[in-house]
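Read the structure below first, then the notes.
Labels run A, B, C and D following the written order; every chain starts at residue 1.
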C-alpha cells in the first residue's frame, strides 16, 4: 500500500470571531486549504468535518453538507467526525483511512467550532455533557477533572506548583510567533501563579481559552502528492484508543490509557520510538495534560515530566520542542479544530513553513485528547520530498 | 485486497422506549451484535457510533466513549459518525474503510437515536436544524420538503395520489413480520388517503414515525470472517455523495444527485447493475422518497417509479424487486442514526437466510440511506458469501 | 432590507449566496430579488410546524427570471447563459390559496418565525425576510 | 435511596455500574456504598461552574474498601476544608444540581445522590 501524504494546510484566525458562525469558519479554512494545496474543489473526493457540537452551540447541524455546498465540492462524499475535543485527530485518522483504503484519492479535512457566543458557564456545560450521569449530576466539569488530577500529581510526585505554570509560560511564549493564535502575548510565571483559582490548585492561566476557529489539511496518496508539491509530509504512524468513560474508574489517575495505547500504536506503525520525535504538539487544554501526555508517550518517566519542563527540555530551542504553535493554551481551543491545527503545525514544521517558529525537524508527533483522556489519537508525520 | 465481510447483526425493539436513553439503547444493540457474531468485546478494534444528535435531544455527548466502556471494549478506537439521517449508512462506509485500510480487523458499528421524549414540534425542529439559515427562517421542515416535492412529482408526471399511498400500504404490510418494528399492523389505502394532512398533498401515513432504537453490524476481513461463520455477507460496493445544502438550488426537484452519484459509485465498485439487485432497502422517511430513490438508482425511469409500485413490482412475495422487506422506515420507525444500520441488518439477514417470515430469495442486496432531503446519501451493495 | 441573491463570475446566480458558486465560481455581485416577481414551482401547506413557526405554514419554491438584471450587469454578461438568468428561492406564502405557475412578489416581513423558540442560536442568522404574495 | 455500585462475575466492582464490567464481565449484584466510608484520593474546588451548579463546587474522588475490593467514586464534598487521605461518609442530598438548568435532559437521569462529608 502507498503512503498517505499531506499536501496542504490552513487555519483561520483563532479567537473571538464576532458575527462569524460555524459555516463561515469552515468555509474560510476550506477555501484557504484548497488554495494552499493548489487543488480544485472538483477534485476533492472525500470531505471530512471535525466538529463536536455545532448543534449544541448554534442549532446548526449538517455542517459537512453545508461546507460541501459552500465550497462547491459536490458531489464529494462528506461526513462529520465527532470525538469531542479530539474530533480533529479523529478526522486525521478518518482521512487517512479514506486514502489508505482506496476510497478516495483526494481528501480534505476541515475542523472547526464556534463557541464564544455562549457564556463560560454554558460552554463549560456543553463540554461537560460528555460526562456520565453519575458525574454530571455532581456538576463535574473538565476543568474540575484537571484540578483533581493536578492535586494528585503534585502531591504524589512531589512536584512544585511552579512547574505547571512553566508550561503556560512556555506555550504563551511560542504563541507570540503564531499569527493565528488567540493570544500573542507572553505571560510571566508570577502572573500565572497569581491568576484567579478555577479548579484548585489550578488557576486561570492553567487553562486554554474558549475560542472560535477552523483549520484544514489536504491528504492524498503519496504518488499523487508528487503532482502537486515537491515538499510534503507523510503520515507514517497513526492510532486511536479509548479509556473509561467514567474518569474515576481508572486505575491510576495520572495515567491516561488512551494516550499510552494510541502512542504505542502510532510508534509501532511508524517504526519510531519517542527518541526519534523532533517536535511534538500535545493537547494542553490544561497545563497538567502536557505532563500526562509527555509521560504517556514516553518522553518522560512517570512523575518526571515536570523535571524535563523545569530543565527547559521542551522549549522551542530545547531537545524536544513541545507546542511550538503556542498549544491550545495560547492558540486557543475551538474543539473540532484543535486536532487539525496540531496537524497543521507539524506539517508546517516538516515542510519548512513555520516561519519564526521553525525548528529543525524530520519527524513530528501530535496527540489530541478527547474528554479527560476518554478518547485519544496520536499521529506521527515525517518530511518527504 | 481482501473483501470486507459482515458476520453479525442486531437491532433493538424500535419504538417508544420509555425510560431508556441513548447509552442504554446503544449498549443493548452492541452487546447483542457481539453475541450474534460470537465475538468477544476485547477483540473489537474499532467501534463506530452512528448518531446525529444525542446532544441536541438529550444533552448527552461522547456516547461512543460511553458505549466502549459499557460493553467492556476499552481500549478500542471509537468515533461518532454523523451524516444526519444518513449517519447509519455513513457508519457502514466508515467501518468498511477501517477494515479495507488495514486499520482494524474487527469493527463494530452501532447506530442509535433517542427521540420520543421530545414533542413532535421539537423533534421536527432538531431535524430541521440541518437547513440553511434562509430555509430555517421560513420555518422549512423536512416534511415540508417532501410536500413540495410530492406535489411537483404528481403534477409533472401525472401520477395518481394513490400511488404514494401504496408505498405506505406495502411497507406496513412488510412490517407486520418484523418483530422489531414500531408498527406491526397493516393499513389500507383508504386509511392512508384519509389521514390528516401534514404537508399538503402528503398526509400522516406518508411519513415515518418518531422512534427510539439502535442497530448494529460487525465487520471484518473475509479471511477472519471464516473463523467465525460459514454464512456471511460481503460489502462489494459502497459509495457516498452529496447534493446541495439549499434544496431549491437543485436543477430538477425530482432528481436527487446524491442518490444517483452514490448509486453509480456502488454499482461500479461491485460490478453489478440495477437488474442484478434482488432486494433493496430504500429510505422511505416519506413515501415520495421511495419513488425518487427507485428512479435515481435505476430501478425505474424518471417519472415512472409510481407505475412499478402500482404494478406490484416492489412487493415482497410477488414482486420482481422486493423493496423494504423490513417494513422500511415507514413501519419499522426511524431512529435517525440507527436507520441506515438497520437497513444493513435487513439486507444482511436476507442474504444469510435469517429473515424468517420476511425471507426472499436473494444473492445481492442494496441499501440506500438518505440524509437531510437528499443532502447526503450512501448506497451499499452486499452479496451473500459462503 | 433586500432579498440578496449572489451572481458568480461565470454568470450563474444563487439564492442564498455561497462563498463559491456552481463550478467553483467566485461571487462578483449581489442582486436584490425583492424587486422582481417569481413563478411558483411547487408549494405545500405544512401543518406540523416547529416551535416559533406559524401554523399552518404555507411554503413555496419559486423561480425568478432576472434576465433583465443580467443585461444590466455588463461585467459578467458575456458568460451568462439562459440558465444564469433564472434563480430559485424558497419562502413562506402569504396564503395557501395558490397554484403551481402562479406569479408572486416578495413582501417584507419583520419576523418570519420567532427567534429563540427553536434550536437555532438567535444571533447566528437573520429573522426578517420576505413572504411571497400572489399578484 | 442507595449509592449503588455493581459487582461483576470476575469480582471487580465499579461505581456507577455498566452493562459489562472490566474485561467484558457480567454484572452479578449491586452493593450500597452509602453504608461504607471512603478515603479521599484527590479533591478540588471548582469556581467556574456550569448553569445550575453551586459555586464554588467542592469535588473529590474517593475510594471505598468493600471487603478487600476497592471501588472509587466521584462526588461533591460538603466542605472545601479537607485533605487528601481524609475519611468521608456519603450523606444524601435531594438535588445535587438544578435539573433543568444545564444541557442534560432532566428526565434522562437522577439528580439526587450523595455528598461526601468528613468523618
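Here is the rule we use: a contact is a pair of C-beta atoms (placed from the backbone, for glycine too) under 8 Å apart; a residue touches a chain by one contact, two chains touch by 3 or more.
Keep in mind it's a predicted model, so treat the numbers as computed, not measured.
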A-B or B-D, whichever has more C-beta pairs in contact: A-B
Centroid-based (C-alpha) most distant chain relative to chain D: C
Whole-Å gap between the CA centroids of chain A and chain B: 33
Geometric centre distance via CA averages, chain C-chain A, whole Å: 40
Geometric centre distance via CA averages, chain D-chain C, whole Å: 54
Where chain B touches two or more other chains at once, by residue number: 55-56, 59-60, 69-70, 73, 126, 129, 132-133, 246, 249
Contacts with two or more other chains, residues of chain D listed in rising order: 102-104, 108-109
Multi-chain contact residues (two or more partners), chain C: 118-120, 124-125
Chains grouped in pairs wherever the two touch, ordered by label: A-B, A-C, A-D, B-C, B-D
For the chain B and chain D complex, residues of the former touching the latter: 21, 27-28, 31, 40-42, 55, 57-60, 69-73, 117
Residues on chain D engaged by chain B in the complex (per definition of touch): 18-25, 102-105, 107-109
Complex contacts: residues of chain B adjacent to chain C: 56, 120-122, 124-126, 128-129, 132-141, 143-144, 147-152, 155, 196-202, 246-249, 253
Of all residues in chain A, those that touch chain B in their complex: 1, 52-53, 55-56, 59-62, 64-66, 68-70, 73-84, 90, 93-94, 96-98, 100-103, 126, 129-133, 239-246, 249, 257-258, 261-262, 370-371, 374-375
Complex contact set, residues of chain B against chain A: 1, 52-53, 55-56, 59-62, 64-66, 68-70, 73-84, 90, 93-94, 96-98, 100-103, 126, 129-133, 239-246, 249, 257-258, 261-262, 371-372, 375-376
